[in-house]
Amino acid sequence: MSETLQYSREHHPEDTVVEVGEAKIGGDHFTVIAGPCSVESEEQIVTVAKAVKAAGAQLLRGGAFKPRTSPYDFQGLKAEGLKLLSIAKAETGLPTVSECMGADDLPLFEDVDVIQIGARNMQNYELLKAVGKLDKPVLLKRGRANTLREFLLSAEYILAEGNSRVILCERGIRAFDEGSRNTLDLAAISMLHERTHLPVIVDPSHAAGIAKLVPTMAMAATACGCDGLMIEVHTDPESALSDGLQSLRPEEFAGLMGQVRQIREIANGK
Amino acid sequence: MSETLQYSREHHPEDTVVEVGEAKIGGDHFTVIAGPCSVESEEQIVTVAKAVKAAGAQLLRGGAFKPRTSPYDFQGLKAEGLKLLSIAKAETGLPTVSECMGADDLPLFEDVDVIQIGARNMQNYELLKAVGKLDKPVLLKRGRANTLREFLLSAEYILAEGNSRVILCERGIRAFDEGSRNTLDLAAISMLHERTHLPVIVDPSHAAGIAKLVPTMAMAATACGCDGLMIEVHTDPESALSDGLQSLRPEEFAGLMGQVRQIREIANGK
Amino acid sequence: MSETLQYSREHHPEDTVVEVGEAKIGGDHFTVIAGPCSVESEEQIVTVAKAVKAAGAQLLRGGAFKPRTSPYDFQGLKAEGLKLLSIAKAETGLPTVSECMGADDLPLFEDVDVIQIGARNMQNYELLKAVGKLDKPVLLKRGRANTLREFLLSAEYILAEGNSRVILCERGIRAFDEGSRNTLDLAAISMLHERTHLPVIVDPSHAAGIAKLVPTMAMAATACGCDGLMIEVHTDPESALSDGLQSLRPEEFAGLMGQVRQIREIANGK
Amino acid sequence: MSETLQYSREHHPEDTVVEVGEAKIGGDHFTVIAGPCSVESEEQIVTVAKAVKAAGAQLLRGGAFKPRTSPYDFQGLKAEGLKLLSIAKAETGLPTVSECMGADDLPLFEDVDVIQIGARNMQNYELLKAVGKLDKPVLLKRGRANTLREFLLSAEYILAEGNSRVILCERGIRAFDEGSRNTLDLAAISMLHERTHLPVIVDPSHAAGIAKLVPTMAMAATACGCDGLMIEVHTDPESALSDGLQSLRPEEFAGLMGQVRQIREIANGK
């Protein structure tokens, strides 16, 4: 069967490079997506967008539709949030990434450059099929308790519909310890690269759940050969409406970018 | 916060009894849902429906939209499958249960009595909100790696939309051993009953993944005080289009029903 | 390799029945081991021993050497505890089961009828080899995160030394939920019976960690075909020096014994 | 309670630096332990010892007593292996690290500089107490499914006996995926450093289980701030008697040492 699977190296030996505006993800490129967990206001998203661009991020992330465990938690600014994200995109020229939780909302994402499918929806096959019909890249996050095979077969749902621009994102798996929110499965990077031509990025922010762990986990993921990172940055983490605890300040993010670039060169033996 | 949560005992001390036609789920009732994993043909579903009714099942299950890990596996007969399920319902009078994977398909489920939300969609919040707006019961399966708190908060998404007829279903959690497909978390039954007024049923078929384990796990779940069972029955497991390995034959199912009834009486100290 | 493994059905097709005094474990027998987590005083152990014998237990358990996560928790009465256990044995005629944590302590266990190896020591190979040289039965508990293959190979360490009287004990595996201390893996009972001729008993007390879950889990394990149970009983759980929360009172235990006997008959189709 | 725990920062704020001959582990030091999984012959251990010393390792590892899941797998050269390890120590001057599986074997370890307690014995309290009475450092590996609290309390067993020279070693936790043998829990490094003054090293060889993953995981662990690494090196991995698949060749190890040194400087912001 594996020969016929579109995600497989047998099907497509060379690395897939996903192009988003001027940004390239995969192959020899190393790409950083940064921004706030949630879009909260025009000032917030524009300020963060300019800061992460200055620090070297190639794409801007910003959540407008937020999957929250409780229905009573902040659910995002929705359509309004996407409008504000477009303003930040216009001001900085950064392509944008934002999560979509249901096919019916896709029309609102017209100006969003990369559609994110969250970990909770990794096996929401109706949504995977819907984004498979789009002509824009999809960033697919691994579910918290899904094997690599399940992850790749979810990507296959998108590829099978004709959309070949899929970016895989490891964001931590559920383990038994109370200490960290999720355990980043860094060995998955090499194992995914071996089995698929699709780019593999890592989200250390959700894995760590604590800002002080983010830089080390980001450097670690880079040393393991990921094709990029997705990192939460907020100008005022304390007052963030969601995930403030795991957001870096722009200056912390800028410092990390420098370290990450050097680590990538060393890991690549350059 | 827990006072305000609609699933909680604080909010609603007495057990919720969900009525589906003549069937009642919850409280002092013990209810069995049985049928094939997938609806395959009129003859198959009608034959199984009559057999499970004769053996004492109160509801008929039959999958028309099948969530499969691979996009190339049998995906179900879809709309046609739901038509065949309605025929079996008409011939036997059994209310029906079938899984819906996306809000856009809901209109096709008009004649289905209970909408099932599968484990993969337990945190598909758009779908939960959509079924929360329906005037029919929802059977919500626990995700393979979700805590009881996450499970109950997903139920809350449905309750919060105004639909109070939610049935919880434990179907096994992901563990580390290769042996069984999933490990049935039977302690969850008592713990859920303590925290919520919603009925809790168990699906031993998906947990076991092997037919010979189903009867013992069904009896075990009954001994643990579940409010009912959902069991896969097929007249010809070997040729089933999905999950044949875990389906019981009608005669096996009939024998199990007798054992389950006796075990429930003993466990209740009657 | 499996042909050569002494635990395997290929090596020894018929069930092994372990005899301990008048008690028999395995085959068609159903055997209950009961007693306090820790031996605390002569009055306590003798009172509990008489109570569990009256309720139908065939063996008496009592911990003298206690493996505790913290070095500052009560570690058991050690040699003195074993003396008190012998007194209870003499007064009731019940064979005894007690945990040994190190080969050097074995001489103190001369009057103990069954040596228990705890979950933490399942892969303490030096200890397994030492008890493999004894001429008395060994009750081997499954580690909290060990596969069935690892469990059986640890039993093989004992068998390989010449001691064929090994009793396997499932006591719960580590899962991700905060709710229960351990998740009882009941499907393991059938899977172990398929692969090995050794008897398989279940300890619902340690799996549940809460007394009110013990009866239901004990009945569930019985429905799944285990060869016996090991249950903690204490005359005054509130003041127990260890695991009081999960101990049953003698009267609760007596009631459970009656239910368990009936459930076993029903599960066996008698 | 935590104030009284000897492992805690409250008890001992500054980092503990464990001295072994000229090697120092902890604080500002970065220390590498390398060598074969098993000592196999004088030529093998001496050759590897010279190679890892030349590449910058400060300590030599070599297993003489091997904990193997099956009693029929190679169990190590035992006393003879320790003699050969001493020869390699004499020829290179490298202090040695070797695993002890039972207190009765400790007299044989007189010339071994650091006693290793393996993951399977992390809660073998009799062994922990025995090494707690020694006047030499102990390298304690985290069990595959133990929480950080359980890990630290096992260290406390050693400290409580009077031996303050304990080195903690993360070697991977059991997860649900089939892909990698164990998942390295790198977030544990920071979390342990926060809670304890004891040095924390990482063993990427056992976590990865595949040689090609070892360099990336070693660099990742270094980026996360571990105090050192323990790496398996073999001159002829294909013919190794144990764990050959995860052993690096001396030249691979030498290259990795250079990368690790640079990554540590970058991660430390130097």
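Letters are used for the chains, namely A, B, C and D, taken in the order the chains are written, and counting of residues starts over at 1 for each.
Going forward, a contact is a pair of C-beta atoms (placed from the backbone, for glycine too) under 8 Å apart; a residue touches a chain by one contact, two chains touch by 3 or more.
Everything quoted here is computed from the prediction, not taken from an experiment.
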| note | Higher number of C-beta pairs in contact (A-C or A-B) found for A-B
| Centroid distance [mean C-alpha coordinates] between subunit B and subunit A, Å | 34
| field | Geometric centre distance via CA averages, subunit C-subunit A, whole Å | value | 49
| request: Any chance you could list the residues of subunit A touching two or more other chains? | output: 145, 149, 174-176, 178
| request: If every chain is a node and every touching pair an edge, decide which shape results: line, ring, star, complete or other. | output: complete
| message | Under the definition above, what is the set of subunit A residues touching subunit D in their complex? | response | 145, 147-149, 173, 175-180, 183-191, 207-208, 212-213, 216-217, 219-225, 255, 259, 262-263, 266-267, 269
| query | Where on subunit C is subunit D touching in the complex? | reply | 1, 4, 67-72, 101-105, 120-121, 123-127, 143-145, 149-150, 153, 156-157, 160, 174
| subunit D-touching residues of subunit B, taken from the complex the two chains share | 145, 174-176, 178
